[in-house]
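Beneath this line is the structure, given in structure tokens, with notes to follow.
Letters A, B, C and D mark the chains in the order given here, with residues in each chain numbered from 1 onward.
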Amino acid sequence: MAFDLKRRLAAEALGTAILVATVVGSGIMADRLSDDVAVSLLGNTIPTGAILVVLISILGPISGAHFNPGVTLVFAARREIETSAAALYVIAQAAGGIAGTLVAHAMFDLHLFQVSETVRTGTGQWIAEAVATFGLVFTILAGLRFREDAIPWLVGLYITAAYWFTASTSFANPAVAIARAFSNTFSGIRPMDVPAFIVAEVLGALVATAVAAWMLAKRPSTSAITLKGAE
Amino acid sequence: MAFDLKRRLAAEALGTAILVATVVGSGIMADRLSDDVAVSLLGNTIPTGAILVVLISILGPISGAHFNPGVTLVFAARREIETSAAALYVIAQAAGGIAGTLVAHAMFDLHLFQVSETVRTGTGQWIAEAVATFGLVFTILAGLRFREDAIPWLVGLYITAAYWFTASTSFANPAVAIARAFSNTFSGIRPMDVPAFIVAEVLGALVATAVAAWMLAKRPSTSAITLKGAE
Amino acid sequence: MAFDLKRRLAAEALGTAILVATVVGSGIMADRLSDDVAVSLLGNTIPTGAILVVLISILGPISGAHFNPGVTLVFAARREIETSAAALYVIAQAAGGIAGTLVAHAMFDLHLFQVSETVRTGTGQWIAEAVATFGLVFTILAGLRFREDAIPWLVGLYITAAYWFTASTSFANPAVAIARAFSNTFSGIRPMDVPAFIVAEVLGALVATAVAAWMLAKRPSTSAITLKGAE
Amino acid sequence: MAFDLKRRLAAEALGTAILVATVVGSGIMADRLSDDVAVSLLGNTIPTGAILVVLISILGPISGAHFNPGVTLVFAARREIETSAAALYVIAQAAGGIAGTLVAHAMFDLHLFQVSETVRTGTGQWIAEAVATFGLVFTILAGLRFREDAIPWLVGLYITAAYWFTASTSFANPAVAIARAFSNTFSGIRPMDVPAFIVAEVLGALVATAVAAWMLAKRPSTSAITLKGAE
């Protein structure tokens, strides 16, 4: 790794800030402009997927572009990042995420400091968060194995899909969940609902790590993607 | 093939499950959020196209990423997968697909077991399914010939288009058709309408196999894509 | 060129048929499902852009993937296709396009043979068609020079944009214009309005050929795309 | 650089013209077709992102594909373009942008010369423009460092996101801001509001240049994108 820890932490903070500013900002914009909630969700989804491709492409070479404590935890469990660096990553992500919320509020002339009142709780929501994070982590781990240079696209497209197929619109990220608790807008979440989201996300991440460890544990296959069920 | 049959079947089941969870889940989400059916269909289309790119990229190297008995049948007819393995693939796909429906229902707090009442029948629908599967299989076979590494994108984009240009919204997949019969939501299909869909899909797949065998049967061209009508 | 003329003509006919089936079919679907014309146009645009990426990727290596008499004319003018082959290309494109309209009608349970009543005429429309075709042909010629393997994407994305920024929704293709005259649905055009569209398209194509001949006429630059204004 | 200054300036003018014609033209189309402003913004966003990928791909090898005085200023500050050429670039961009507005008006049968009455002012808007341009310039500079061949996509996707997450819909370009002042349509801006936009854009560009100089200032890392937090 050519970049020192200071720059890596700055990249994690900046990336998470822009990611959250996109989620919160596009949510505000979309909600203001439409009465059709599905149209608003499209206006929230497309920017989020797009910015993920950009951020992972340009910051991945510096910090790995986690932007997500769940992802950092997975790499720590796989001993691919030191525990001390991982802890600092998580702090940078949380701080960057909250900064992203503040920037979004400033741009839209809203009070900088807010607390969300949006209820997001219940079994369905928790299953959704576990499923969403399972899919995200499995995508990253299998992507690293087979198509490393496509990972920015794979993550951006995965989240684009997960916004819609999970009942929770796929937070799938503890730092983003915390940051969204500070915004009483379209993409907010009540602070008291955050802990259960984080528990579900961590569980989903750990299950994905285990499944990937089993399913990918093999001699390297040919790197070519194929639809053929070759013998 | 570096991966053993157990892992290949697991990849087929997991991939089909996530694919169906996306189709059914995003259908529920989109239908709940909008009164405009075209907006709902966009909210169903975009996630499906996106997840296909992801799933084929990350599971293709393990199992070939068929996720579709029609596709498995084509490769069996071309003797590119053994008959016994093909039969197990189809079972894994069907089981995975139904599991995907159940996961979608669990996330959206719906009854897990449902039977669809959505009528999808008639000549137009059957022509549409045959056309949709023809296009899908031709895309895969020509893609394997000319642009193997682009296949995740080609399939994702093809289905994105086929959702809209076919009157049936392009099931194009017997396992997905069966799984969707178990969901009385936006993307469901009445069980009694499934067999005709499967017949049309298999016919479309076989015609595509024959057309591709003729049209692609030539000395290898230059691999470069060109718009020039070179001599 | 490894493929014989028979297969090249079949590829042109098949590709133009699928392209037109997508344009006409998605137009019918979108128009039926929404009262918001912009939503319908999105449901028409996204499938068209997507299918172009697919068709050019999989049929480009066979025939060059013109699907467009204007494009074939340009390559004939540049002596990159023989005149006799070019004439047969145009016939295959026109026949394929009409077949595509019929397939779309069959899928949507409409009368197979129709004549459009949609008025598309006037100076603005003609300027739009000239601009649209100028941009398409320039994109193809500059793409061939600098990014040949990206051409499927460049054309798909160009048409995605041109649907919206031109007042005519960018037919930009005489074969497609003729085929759309046979459909009295969302994407139709009155037969009497077609000739002026074709004239405008041919003019735009010829201007683009001339501009590209001048602008690209230089020693080869480095192939890398750069945003830097290097000396 | 293989291309002479004349061709480089022509490429800057042509590219900025098509970019502005897309922004203004798709804004007119979208606004006419829908009463839902979020739908109109989608119809404005998707074409703009798409055309940016195309224009940077096909004109980047000629001129660098700045299309933006802010970007030209950054490269001049980094001494990657001569001051005299930079000044001519800015003139070509401004002239091309205004021509793009006129072309859009001609296609939509509007008065060619207009003055916008759309108010776009206030602290939130200015912060938004600074943030938007910061992100654009940082994306370009980090993209040039790590993924040069992906820059057309990175810029297209960044602007797709920025249309929604910034309160100003992300002009992020002084030449485009000036050109939009001449259109009293969806995407217009009152002339008296332009200077503050330009100041904010230049500030954002300069901050991004400084941040990138620090964050990217390191021995070359491995070129592979990685999500792992490798040591």
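The criterion applied here is as follows: a residue touches a chain if its C-beta (ideal position, glycine included) is under 8 Å from a C-beta of that chain, and two chains touch if they have at least 3 such contacts.
Predicted model only: the values in this text are computed from it and were never measured.
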{"item": "Distance in touch steps, counted as few as possible, from chain B out to chain D", "value": "2"}
{"item": "Chain C and chain B - chains in contact with each", "value": "none"}
{"item": "Chain separated most widely from chain C, comparing mean CA positions", "value": "A"}
{"item": "Centre-to-centre distance between chain C and chain A (centres being mean Cα positions), rounded to whole Å", "value": "38"}
{"item": "Interchain centroid distance [CA atoms averaged], chain A/chain B, Å", "value": "27"}
{"item": "Junction residues of chain A - those touching two or more other chains", "value": "36, 39, 42, 46, 143"}
{"item": "Touch list for chain A against partner chain B, complex", "value": "36-39, 41-42, 45-46, 49, 122-124, 127-128, 131, 135, 138-139, 142-143, 145-147, 150, 153-154, 157-158, 160-168, 211, 214-216, 218-231"}
{"item": "Contacting residues of chain C [partner chain B, same complex]", "value": "1-4, 7-8, 10-11, 14, 18, 21-26, 29-30, 33-36, 39-40, 42-44, 46-48, 50-51, 53-54, 56-66, 71-72, 75, 80-82, 85-86, 89, 103-104, 106-109, 140, 143-144, 148-149, 151-152, 155-156"}
